[in-house]
Amino acid sequence: MKNTSKIYDIVEKIREQKPVVHHLTNWVTIYDCANIVKVLGGSPIMAHAPEEIFEITSIASSLVLNIGTLTVDFVESTKIAAKTANLKKIPVVLDVCGAGASRLRNQKVSELIEYASINIIKGNGSEIASIAGENVFTKGVDSTETGLNLIKVAEKLAVEKQCIVAITGKQDIVSDGKRTFMVKNGHELLSHIVGTGCMATSVIGTFAAVEKDLVVAATGALALFGIAAEVAAESTNLPSSFKTKLFDVLYSIDRQTIEKRLNLEKIE
Amino acid sequence: MKNTSKIYDIVEKIREQKPVVHHLTNWVTIYDCANIVKVLGGSPIMAHAPEEIFEITSIASSLVLNIGTLTVDFVESTKIAAKTANLKKIPVVLDVCGAGASRLRNQKVSELIEYASINIIKGNGSEIASIAGENVFTKGVDSTETGLNLIKVAEKLAVEKQCIVAITGKQDIVSDGKRTFMVKNGHELLSHIVGTGCMATSVIGTFAAVEKDLVVAATGALALFGIAAEVAAESTNLPSSFKTKLFDVLYSIDRQTIEKRLNLEKIE
Amino acid sequence: MKNTSKIYDIVEKIREQKPVVHHLTNWVTIYDCANIVKVLGGSPIMAHAPEEIFEITSIASSLVLNIGTLTVDFVESTKIAAKTANLKKIPVVLDVCGAGASRLRNQKVSELIEYASINIIKGNGSEIASIAGENVFTKGVDSTETGLNLIKVAEKLAVEKQCIVAITGKQDIVSDGKRTFMVKNGHELLSHIVGTGCMATSVIGTFAAVEKDLVVAATGALALFGIAAEVAAESTNLPSSFKTKLFDVLYSIDRQTIEKRLNLEKIE
């Protein structure tokens, strides 16, 4: 990203255009995913019935898929949605939540990626490593320590799947195989509440709804999310109060706060 | 409503009788729908397995249906529940969440209304307009601008379907075709968090559980919800803090607050 | 429990070991169930697809089942999970949420208990009484007044099913048929928000993941939950603020607070 103002430009666009962001997500964090789109200024719609997917995705500006509580039927619906998004030329963001924890998850992610174009694949270190075929042991949805060079994993997977890869963790990595960014914003409290990974994906989806350069969209979204966490953590060190604050900060964030705090590195 | 004390009388009845309010609702706002019934003093029960619907609806004092994340199976369960409610003579409130966004939604709402008596149909402007057969374009679940005379739409639909129609928006409209009220309470922050439409429906369902005049129940519920929003917005202008406050206000609201703030108009 | 320090020892173990707690739970409180495990220091994973249950339960240290919004398919998944847990020798906690409200619930609980070993059965008074075959009328998920001697009900059911029985209410009862404890910690505000019963079960599941004596685990978990409620209620008397505080207290609770407040009675 050339200048730090870009992120706030995207936020302003979201607030003006109120893009519809269609989600097929998990039943744990579905409310937070919807609400984070809303406080950003977007318009979330959550719908998974196969009979209506084509119409719902068609009115959306981006599509967010999340396999956190997948079933076989649910994944079939995500396929229809992804194919529709491809047809309508809107971006598809896939959170490979829990990948590596079961063969079902990895197999269904493979099927989905083969069936339709996914523009941004997002997960934590162990999830992305698992999708990339790296040999890591995962301990459920919270696994983050992999011992791998995640920058290389992201770049390789991005080239292989011809998409953008976003890995969240202490430092977030975004790569399309050519351009790679590391986001150093964030706060440790994010790891003490459920769903911050899913929420980050929904922020990416909302950015992607109005910003065509999807590397910029994904990087900017993760930076904004991290910055908001930093600001929220200034008024509390307790997780549940922090979560309330996080949403409030995302709703009210201004250009100066972003410019002052942005901590982004381009990996050469 | 003849006097403003009526609303608090209903609140007191809820707190005393703790009516069971059976919900078949969407997976996004299901917790908030249950919790808003609870803070009002009611007893929410959420159950959708067809094998138990008859028994669950039978112990309830009202039934709330919401098609926000409908599937074909889910709608079949709502039909059993609605029929049971008719048999047991308890009121049925239907939130036509997302109507107009897909043919599935409109078709299933039609089926449901033909299959069983719905006492109160509730939606935002574009959802109700869509159910009423008006030609409006909808942009998902957040659509509200229709350019229509919503009072006329409500009155006509109420007569046609022999039910009460409640339209929420900047100003809420409640009509049974003969009596029409406009609720002017409310606050803009309600539009910045997900699920306030669903929550309003659950408040209507809780009021309908103890108040036989369903026009009074629906009008009073929407007025109370709007008043609580106004009070909550006095201590914060941020959406996530506002939501916490909204529930706290509904739990603790007293007669004076309602009487002082009620802003209700009878449409002649 | 011999000394009050035991509870904090368990909390410390959870914070160190970060045990994976696999849940198959209801769609109403699924987020809160996950989040309460997280603030305690554990790692929640919610997954219900039959194709992956064996693998998911296999990476967990305990299993929490909750039939709050059961369907027939869902119960089949709980059976696979429970059987897997038995095989892997990890404890199974079952919240018989809403038992007594429909024949489906009681029948499915029976099937589950026959099919696999359940280590801890948990419910409120009327739910447990219903499972125990006592003749009580239930008014949905909030029923608590049964007029029964719940200590005797718990002890008898524990012997009959060869498990631990935990009954929550104003005072909680935990019994394995030989040892019986009564937890007198808690606060009335817990009854004004949805899901505190489910959350208590998830706390039990998290304790059971690191403490082998399951009577100690269940008793300690309920005491901790009650103590946290007391502390939370010191800073607010409103339910929604209380809930935020409850999670924050569980995250930050220390040994002194537990030791000072613990109000536990061994029933002789």
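In this document, chain identifiers A, B and C correspond to the written order of the chains, with residue numbering beginning at 1 in each.
Simple rule for what comes next: contacts are C-beta pairs under 8 Å (C-beta built on N, C-alpha and C of every residue); 3 or more make two chains touch, one makes a residue touch a chain.
Remember, predicted model here, so these are calculated numbers, not experimental data.
Here the C-alpha atoms of chain A line up with those of chain B after a rotation of 120°, rounded in steps of 5. Both chain A and chain C derive from one sequence, and where they touch, under half of the residue numbers involved are common to the two copies. Centroid to centroid, with C-alpha atoms defining each point, chain A and chain C lie 33 Å apart.
Of all residues in chain A, those that touch two or more other chains are 27, 31, 244. Listing the residues of chain A that touch chain B in their complex gives 18, 20, 27, 30-31, 34-35, 38-39, 43-49, 51-52, 55-56, 59-60, 243-248, 251-252. By the touch rule above, chain C contacts chain B in their complex via residues 26-29, 31-32, 68-72, 98, 101-105, 138-142, 192-195, 238-241, 244.
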